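Alright, structures below, take your time with them.
Here subunit A shows up in two complexes: once beside subunit B, once beside subunit C.
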Partner chain A sequence: MSVRSELIVAASPPARRTASHASWADRQSVFSWLMMAPPLLFLGALVGYPFCYGILLSLQDRPVAHPGTFVGLKNFAANFNDPIFWRVALNTFVYTGAATLLKMVGGLALALAMNQRFPLKNLVRALLLLPFIVPTVLSTVAWMWILDPAFSVLNWVLVLVGVPKPGPSWLGNPILAMVSIIVINTWRGLPFYGITLLAGLQTVPPELYEAATIDGASGWQRFRYVTLPLLQPIILIVTLFSVIFTFADFQLVYVLTHGGPQNATQLFATYAFDIAMGAGQLGLGASVALTMLPALALLIVALTIYLRRG
Partner chain B sequence: MRAISRRGFLELAGVGATTAVIGPLHASAASKSLTVLHESSFIPPFDEYIKTTLAEAYEKETGVKVVYEVTAVGSLPTRISTIAETDTGADITMNGLLQVIQFGEKYLDVTDLCKEIGDKNGGWYDAGREAVLVDGEWKAVPFCNIGQLMNWRTDWFAEVGVKTFPQTWEELYEVGKKLKANDHPFGFELGHGFGDNHGWLYPLLWSYGGAEVASDGKTVVIDSNETARAVDFARKFFRDTMFEDVLGWTDVSNNKAWMAEQISCTNNAESILWFAKKNFPEIAKVTDQAQNPAGPRGRFHLLDSISHSIFNFSPVKEEAVAFMRWLMDPKQLGGWYAVADSYYQPLLHGYDNAPMWQVEPRNIPYRDAMTTAHLPGWPAPASRQMAESVAKYIVVDMFAKACAGASTKDVIKNAELQLKEIYRAV
Partner chain C sequence: MVTGYGPVERLVRLWLPVGFFLVLALFPFYWMAITSLKPNSELYNRHVMPLVLHHPTLKHYIDLLTQTSFLTWTWNTMLVAVVSTAISLVLGVMLAYPLARMRFAGAGLIAMTVAAIYLVPQPLLFIPLADVINRLGLGNTLTAVILTYPTMLVPFCAWLLLGYFKTVPMELEEAARIDGASRLQTMRRIFLPLCTPGFISAGIFAFTLSQNEFLYALIFLTKSSVRTVPVGVIAELIRGDVFYWGQLMAGALLGSIPVALIYSFFVEHYVAGLTSGSVKG
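Now for the complex of A and B:
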């Protein structure tokens, strides 16, 4: 802005108002709130409102496209009497627990391996992210073929090593179906753990390892008393994310088994979806989905306390 | 590059957001059009025909643009739910299975239009009425049934001396035992798919005299000797003619197994033959189709109908009614049916001898099956409770658990417990 234009701006009364408005908007406190407002509104509209609306729905008999009737906790009572609901609850805890544990152990091992020096290290690190990058639906379809009895490369190998034809029924047997979805979830989530923990490993000062070595610490002791304590905050964060994502997993099960066989792989998210969208019972579906909340909150609090104490 | 001030940034963001909101609204008001929501067809030329030929012809004739919006298989209930909940979106929608009863209050009463169409086209099948009638009103215009029938390998059946498809479930079982011994097992879906499971399990239950709920739509009657006999049959049918994997099958599985020449008999729509003819002609040559076998109480099929409804909140209701009247005229409708051979079986008697049935005579059983086709839950009238039962796979899992080893008594008791919970408030 030239000197002349500044003078003109300063001389006119409306411009003074604009100038004072400008200085108001430029104040640190005002500006920070103005910048915070869009994400807050976004969160309120896309997370806060649906959450509150979900609670309201769960307290109603609310068939789709019909006005709701307040029924209090009747939907939750109906879930309590529904044998599928208890099966779903058990499935979800087993699925989340097993997959999270496998991802944690496997991810740590992966990070330790990736932290070593070897040829084409950067390329290997980039390739490791593939399972995480590929859209879940796409990778699940690939797994569908891998586990298919007619085309399964897995069964082909097993039959070659002597397992009787046609090999295990990965998606037809209730136990193997659960094992299959746990393995696929682990395969998909492992890179997230691995890369995040690798980033953590690279922040550990080498002097600590040198000092521990001088003090006579073995490899295991260096890992147990140096690496692990320093990685703990990152493990906590990654585990929290993983528990949340795994507990609410939907796509994998919906595409691969749709909760079958006989609800052996039905999870809270898929069951809530079937009831809300398939049966059109929005209230009942919301009550199933909300059941995840206290369980998830308890899990997260317990994990936080445990890891912090450790 | 000129630096932008904080105030300038905020103003720019405000203007941008306002334009983004107002712009499309202004644009959408410019021309008159109606949107038809449809699930993606397994027969691609079917969607192409309406998108291009029919929509263009209608626009030329009336000036009304028809937008044919395709949604993925399985996602239709979600799309209709969103539209019905927000009172905005499409003007006409396709319905599958039990969607007319679920969304009926949001649909226009088209009784008069349906009477007019029926009178002009030889009358409706009873199944057409069953599919769309809600409290005495036609809430949709029936379009077709997508029958679920028996698909069988003529060459492998011939190897065990069978030239025509068995007439009863017991006869089919005897053939299946021999074929499994010959390494040609049957493959009937017992998992959580959308239709191929219900397609044979409800008819099996009915053919033994079993039912979930009585015709009053309230009394749960699943716990009966008839149901027990159907369950016992399903268990031995699975054990002696199939393999474990069918317990986890979804709708795509039997199609894959068929094309891989893994199974000798299944229950599917006509699409299995259509696909084989296009991509596996050698398999198509030895594929035939037949009505479901009969049980002690007769022969039954699943009514897996498609119908079209007009949303009662549509701003172009009259145009939508006019379009449906035009679409259901034989001049348009005949061509649309024909493009998919007979995958979509008309629910109007006027098409009983249409040339489309001569294109592939092996499809004729799909036409004949419509007289014995019913919605899931029959003889009870369609209801929201029935939709919940279907969504929870109660009948499918009753049979599947028995096949996996549970006792007949336990699986029926379990199904009864769930059904009573669903029907508690009725």
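Now for the complex of A and C:
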């Protein structure tokens, strides 16, 4: 039946095709669901279940290795009255906003600079992507040494150009520590922005520039009225990606500052980690992590819809 | 598009900005490399010009390989990355193929769900997941990370492959069906062999992502014998307030080499995946 009905579908005129269409669609769906069942079960067990369990945990007083007791919204109320929590929220927004802006502007500059013909271009592009490839923890260790309080090479250079000795304490000063994590996050994420935008730039038809030039557009006007509007969809997608993963960043801050000094660089993810893994308060930690959910859900839904359309 | 400029303008428009970005991108790696080759007497001497190497030594590398578990960590990292990449590719194909080729009710919803899971960052899940792993008795086993890495890699591979699968023409599969091949045969014998470039792209990404993973490894692996390189370096080469900078830099450099090597072989695939994975979908 199976093979024959398809042979008929393939060979027969449209009238017969509608007749056997129901069984055809049916078999596609059976095959599809059988095929998708293992990965969907896997994701359900290790993403769906922990996600729901996390919501349940956030409503419990749950010290590690003890059974939990249901406390309703008490954890969220505790966060609301915790000044450190508000500091963490502010830090996360400053960090995400500043790093994203820097990556966007820097990435656009990188893409424009690279969108020219020059020798060894592919090698240069490969080298520029290295910060994005190398494991974050390992490159952050290198930055830690660059910013070392006693032997900072950055300060060695600064002193050379006239900054008073011994130079700033990058990770000891609250503002400079925030600046440091923003710069390092930018350093790591900028190539992703740059190379993706470069790919976008290369799809802009040259005729558009020629037409604009003939119409008397200056270089800035060509950028503003030809390049930018055409790049806009890619910029939006890359930015949403970058915002999601910067907002929930953990590695860089955990390695470089541990959230210090005095919680000046503490983000939602590192604070949740400290509470849950350091202090052993799984319920309270889960509630801190879940505070990210509304903003993240909004971003994720936006990007999902946008990706589907694109 | 930019041609016919004089040498001065070319310097300003091309070489200065490109040079700036190159120095910015590469300096930390240069610094890693020369730090790892300096003797301690040079490292911790503020009167020596730090930007160049005066007396190179391999002492830090030898210490790293003989006095720490670095080789074990490297083996663990490779094993975990290879196994979780393989699992993720297989499960990713099982999701992506029906979504790319079949028409069935709910396909749109599943595709959206996969994309959404791909975007869920780990910090949202790590606390409940830690509890789940503990209850399963998987703490301090590589199985813990081999099981959890695919939670981010499967949606990722599925998403990337879905984009790739849609670019493969359907004629061959249709012909195979008419010749009487079952759906499974068509997929395995006809379709999948056509998709090698897609698998290479997805595989490299999954491999680099598992090498980069830190949070789950940090929580689940607390014994030296099961640690991966990032966790081992952070947890064991930084002892209290004492930093072994030479060893740290040697470890950071050696730990980066596998990823950098694989990346250098497949850089075109990587860039293609990077730009299509996010832009096309």
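Everything that follows uses one rule, which is that the second predicted complex is superposed on the first by the 260 of 310 C-alpha atoms of A that agree within 3 Å, B and C clash if a C-alpha of one lies under 4 Å from a C-alpha of the other, contacts with A are read in each partner's own complex, and residues count from 1 in each chain.
Everything below uses one rule, namely that contacts are C-beta pairs under 8 Å (C-beta built on N, C-alpha and C of every residue); 3 or more make two chains touch, one makes a residue touch a chain.
None of these values were measured; they are calculated from a predicted model.
When both complexes are overlaid on chain A, the residue A:Glu207 reaches neither subunit B nor subunit C. In the overlay built on the shared chain, the residue A:Leu138 is in contact with subunit C alone; subunit B does not reach it. In the superposition on chain A, A:Gly172 makes contact with subunit B only, not with subunit C. In the superposition on chain A, the chain among subunit B and subunit C reaching more residues of subunit A is C. Residues 25, 31, 38, 148, 150-151, 277 of subunit A lie at the contact with subunit B in one complex and at the contact with subunit C in the other. Put simply, subunit B touches subunit A in their complex at residues 5-7, 10, 13, 77-78, 81, 84-85, 102-103, 105-106, 190-193, 243-250, 253, 256-257, 260, 262, 384, 387-388, 390-393, 397, 400-401, 404, 414, 417-418, 421, 425. Against subunit C, in their complex, subunit A makes its touches with residues 3, 6-7, 10, 25, 27-29, 31-33, 35-36, 38-40, 42-43, 46-47, 49-51, 53-54, 57, 109-110, 113-118, 122, 124-131, 133-139, 141-143, 145-146, 148, 150-151, 153, 156, 187, 191-192, 194-196, 199-200, 206, 209, 234, 237-238, 241, 244-245, 247-248, 250-251, 254-255, 268-269, 272-273, 276-277, 282, 285-286, 289-290, 292-293, 296, 299-301, 303-304, 307-308, 310.
Across the interface of their complex, subunit A is touched by residues 1-3, 13-14, 17-18, 21-22, 24-26, 28-29, 31-32, 35, 43-44, 46, 50-51, 91-92, 94-95, 97-99, 102-105, 107-108, 110-112, 115-117, 119-132, 147-148, 150-151, 154-155, 158, 174, 177-178, 180, 183-184, 208, 211-212, 214-215, 218-219, 229-231, 233-234, 243, 245, 248-249, 251-253, 255-256, 259-260, 263-264, 267, 270-271, 274-275, 278-281 of subunit C. Residue ranges on subunit A touching subunit B, taken from their complex, read 21-22, 25-26, 31, 34, 38, 61, 63-66, 78, 81-84, 148-151, 166, 169-174, 177, 257-263, 274-275, 277-281, 284.
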